[in-house]
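In the two complexes below, chain A is the common chain; its partner is chain B in one and chain C in the other.
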Partner chain A sequence: MTPAPAAPLLQVNDLSIRYGKGVPLVEQLNFTVRRGETVGLVGESGCGKSLTALAVMGLLAENLRTSSGSIELEGTNLTALGQNALRGYRGNRMAMIFQEPLTALNPVMTVGAQVVEVLRAHRRMGRAEAERRAIELLEQVRIPDAAERFHDYPHRLSGGMRQRVVIAIAIACNPALLIADEPTTALDVTVQAQILQLLKSLQRDADLGLLLITHDLGVVRQVADRIVVMYAGSVVEEGAVDAVLDNPQHPYTAGLLAARPHGSFSAQGHRLADIRGAVPPPESRPGGCLFEPRCAHAQADCKAARPPRSAAGQDRSVRCYHPVGKPN
Partner chain B sequence: MPRYVLRRLSQAVLVMLLVVIGSFFLVKMAPGDLVDVLAGNSDMTADQMASLRVRYGLDQPVLVQLFIYMSRLVMLDFGYSPLNAAPVLDVIMGRWPVTAILVVSSVVISMTVGTVLGVISARNAGNPIDLSISILMLVLYATPSFVIAICFILFFSVFLGAMPIAGFATVGTQATGFAYAWDVVKHLAMPVAALCTFYVAIYGRIGRASMLEVLKLDYVRTARAKGLPERRVIYVHALRNALLPLVTMAGLQVSALVGGAVLIETIFGLPGMGRTAFDAVFERDTNLLLGVLFISSLSVVVVNFVIDLLYMALDPRVELA
Partner chain C sequence: MTPVLQTNDLKVHHKTPRGMLRAVDGVSIEVAPGETLGLVGESGCGKSTLARCIVGISRPTEGSLALGGVVQQGRRAERFDRARAVQMVFQDPSGSLNPRLSVGRIIEEPLMVHRIGSRMERRKRVEEIAGQVGLAPYHLARYPHELSGGQRQRVSIARALTLEPGLLVCDEAVSALDVSVQAQVLNLFLDLQQRLGLAYLFISHDLAVVRYIAHRIAVMYLGRIVEVGPAEAVWSRRNHPYTRALVDAIPDEMTRQDQANLLEGDVPSPVNPPSGCAFRTRCPHARARCAEDVPLLRDRGGGLLVACHFAEEIEAGHEAADRAPVALRVVSGGT
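On to the complex of A and B.
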């Protein structure tokens, strides 16, 4: 692995996100994304993955706010910026791809106009130049007959094609950070693979930092360099993909891995392993370790206080008093 | 597209045919005819009345009358209006523009004002600005337009003496060009405003609801994620999608006002279609009444077609077939 540069591209420090003055939905979140690196952010539905992404983009709903911590992009603390300054970063230095390609594009504007728009918002470009560049971008995301598709409305394109348009919009201004929030969940399997391949090659070409949010561990294994596992609004484990997936330290990560379907159902007909219980809602999270009520390895000290991050600042860390798996 | 136009055209012909037949029987069902009214205003013998009926074709069976009326209508002959001592078409052509100006300006003004208020309301949802606008809407919604019209007259014309009370233009004015236009504007300001109030409230409420719905949609978030200025997010991305229900409302408003402006036309002494129809009913001027009904219905049919085209222009997903 290449040596880490002094300042990572994106550094999220002790971030908490609250609903009004209520309980935090996301708490003490730490992770980094380096230039040219793909980080997979995984966790169950409702664990705060998407909230984290929206917080980075400064797009949280009005009743949500980041109550503590910082989000640094290329050394600038985004949480300290006003909406106007933040707007200069959105779509420019950082961009986001959403889960639902079918609804992410404005139905009454041509796809070309929607690409042109972002170029003209951040670059001094004449209309003709922006249009030329937009067609190039559509070609870059491998949309066939890009010059003709330019004039099409989104409803004339398939889901996969629309996601390509969304990606073209995202990479239009050469962002340093690309956040992809479950970019393939709404697509069928063959298209998923194409979109992942596209993202990966765009990332390599532009040395992008890619934050890939997903609940598909297979996708993470396939494209990510590092993995950040979230549970109930907090990071429980992070590290290099192979290290974490081959040797999970946190019981939750181990549980997730064990719960994946494997073998042949028709031949062996075995039951899927599961993690007993359900993710606690934010207002009834335990005072100790967040995973303690569902954890098979829980002991008395797990109830007492939240476990700290082991080896904070290192590549591999885990929040658990009694890690499972082989010690690293 | 040409196929669509053709289909719509044949539908329109059918609608107009039904309107003509329906209104003809409706008018004929009313007791009394033109000759009764004429006789009531003068001393007329039964013989004279009978010969008048023969002259106007009123002695024929109703179905024959309908057939004669319709065969003339095909050649755009609306018949003669005894009340105005002029061909019906001439009478209507003189009055139609008054109603058209009234309706078009109220639709444009109420839609613009209502939409702007709705957007402001939606962007401030729940705060005092939204609340004040909502209260204003409720008041406008609940106040009948004739009450507002009379209040306008009392305040602006009687108390301030700033506005003309009635009419389309100053009687006997020699003004031309811009001066004449300004004169008409001054005369129509109050009636148009009175016609607008109710619809400002309607557009405001629909606009607010529609905007709130659209602002939650994914593509608005995408627009924000692109780093577009908030102005552009609201007025280009959200508003254009939120306009669709308002355009539907505009179609309804036109239909309602073409015939429904009679109260306002009466209060402000405007020689529009509503007034004309009203007078025609009382004078049993069958030809005139049928003519007004025909032209009004035709306007509504045409406006509905225009609204459909507008819909298609606003939303590319709407394909007319």
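On to the complex of A and C.
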């Protein structure tokens, strides 16, 4: 069961996700998450980042399927497993945190009971032992007066506290991989900072692999080790966070960075660099480079075929015929 | 010049079973013609209630509100004049547009309600406004669900502009948009301001957005303004510890250092706010005096007003602290 040290915790190979037999929503996706590493999966709405997370968890809606490729967790191909076998991995080896804690929690169960439920289902713990462990977990995610909050219903807690409960549930069975899908987007900035700090310290303590899905490049810079940038269902660029954000090579990554509000218009008089147009829907994606219709650097050859991954297998890669920025 | 918006000690209180909820508790703000006032604060601080009060969706409990120099009495007969003075753009364009009307009809509706122009004149005006916000003529026949999020927000803006108000209240108007589209809409707001001389009350939880677009910034906490002044002064001097915390909490693209001064806890309930300074329960500088005296807005020079007893000390402290990390960064950069 224990993989060789070099093998990544999670390896996604050439993954495509389709709606029925239709066009792929996510195509030819490759990325890895290593033990103890945080990977930021970044992109705008509709780029397929949440679908990818659901595919890894085996939680795709019934009308969606992984049509090719593999998802390997600790050496096991999850796409080949049935729902029963998957259940042994979900919760135990991998767990997920969602954006909106109020919908992730059951409103008619106390938060304590929801943590206990996980421990009893997966770890076959007795009631008393599970309750003790649940309170420990609530303390571990720094909920003050955990023993009292144990008996509260979700609506009694603030947004930040609710998200802590969701995190406690996710880490209850010591998973190796934690997927966090926009975990702080619904929270206020000061609370976001607290939750990010918590995730980071939990990860360090347990040597977790963390796949952090977000639209916020600032969050990625602060928390992640590596970054995977998605656009229209494809990975366009990946690499170490500082390398990619300091020297983006894909025009889309560069465009995202430039579009973030910075400085003050009234003081400096600069306009934000926007990216013209909008993301194409899956059924009308171009045949060539996916970003070509919106790209300021597009040339004739960009229309012909999808650009290949440069330096495939290396840590840093980009899918672009005419990368911007400095070469590596 | 007469300000397009002036509130004086405005209060909005709601009775609840647990006591009086002070959503807005004595806010005095002013917006000059052609100016953008940014309003920041966390959820529950009362910024949306204030916005709704200004456009007339909810009524103030106390205090006065003047639009373009005209004091609003809250009479029904005022509604039409008020609609011409101020309009609102909401956060979620899909929730604020009627899904059963075409885009052209949505933009035309305010003109119909106000009985302005003939049908042909209205059509022409709609096309003109659509052009101003970057919508093509063929968009006018479409329905909201056929448009992207950014285009829908353009429709909301167009509808708000039809009556040529002097002031737009934008409540989280770019928060639901993706970064690349957010930049398009922010640029549109700036263009419209330059062309039409519009004033904005720009409400957002995102201090970076507000700093970019606003001339002045007001920071709100538990129903009160705790700091207000020119955008750059608020951003860089950060006299109020809450402003400082908001800036520190922005995930910083420049540094990966763990931030030491995170705020503890959550915003207290506006039903039973703490005595004295409402921020003292989360404030790293809180002392005995903060529990007793409510700090009032004080002039700190350069147009900056701050409601904190220890603003001088805090500003001096920042200057020292801001010098230190620079040295730290040089050291860590060398390794």
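Here is the rule we go by: the second predicted complex is superposed on the first by the 320 of 328 C-alpha atoms of A that agree within 3 Å, B and C clash if a C-alpha of one lies under 4 Å from a C-alpha of the other, contacts with A are read in each partner's own complex, and residues count from 1 in each chain.
Operating definition for what follows: contacts are C-beta pairs under 8 Å (C-beta built on N, C-alpha and C of every residue); 3 or more make two chains touch, one makes a residue touch a chain.
Model, not experiment: these values are computed from the prediction.
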Three-chain arrangement built on chain A, chain B and chain C clash or fit: fit
Touching A:R90 in the superposition: chain B (first), chain C (second), both, neither? first
Tell me the contact category for A:K303 with respect to chain B and chain C: first, second, both or neither. neither
Where does A:H151 make contact in the superposed view: on chain B (first), on chain C (second), on both, or on neither? neither
With the C-alpha centre of chain A at the apex, what angle separates the C-alpha centres of chain B and chain C, reported to the nearest 10°? 80
Determine, under the contact definition given at the top, whether A:N106 touches first (chain B), second (chain C), both, or neither. first
Return first, second, both or neither, reflecting whether A:F98 touches chain B, chain C, both chains, or no partner chain. first
Partner chain in contact with A:V166 - chain B first, chain C second, else both or neither: first
Using the superposition on chain A described above, determine whether A:V118 touches chain B (first), chain C (second), both, or neither. first
Chain A: partner with more touched residues, chain B or chain C: C
After the two structures are laid over each other on chain A, how near do the C-alpha atoms of chain B and chain C get, in Å? 9
Enumerate the residues of chain A that count as touching chain B in its complex and touching chain C in the other. none
Per the touch rule above, chain A residues touching chain B in the complex are 57, 59, 83, 87-92, 95-96, 98, 100, 103-109, 117-118, 121-122, 153, 155, 166, 169
Chain A residues touching chain C - in the complex, by the definition given at the top: 44-45, 158-161, 188-194, 196-197, 200, 215-219, 221-223, 242, 245, 255-256, 259-267, 271-275, 278
Could you please specify the touching residues of chain B with respect to chain A in the complex? 217-219, 221-230, 232, 237, 240-241, 314-317
Parts of chain C lying in touch with chain A, wherever the complex brings them together: 36, 42-43, 148-151, 178-184, 186-187, 190, 205-209, 211-215, 231-232, 235, 245-246, 248-253, 256, 258-259, 262-263, 266-267
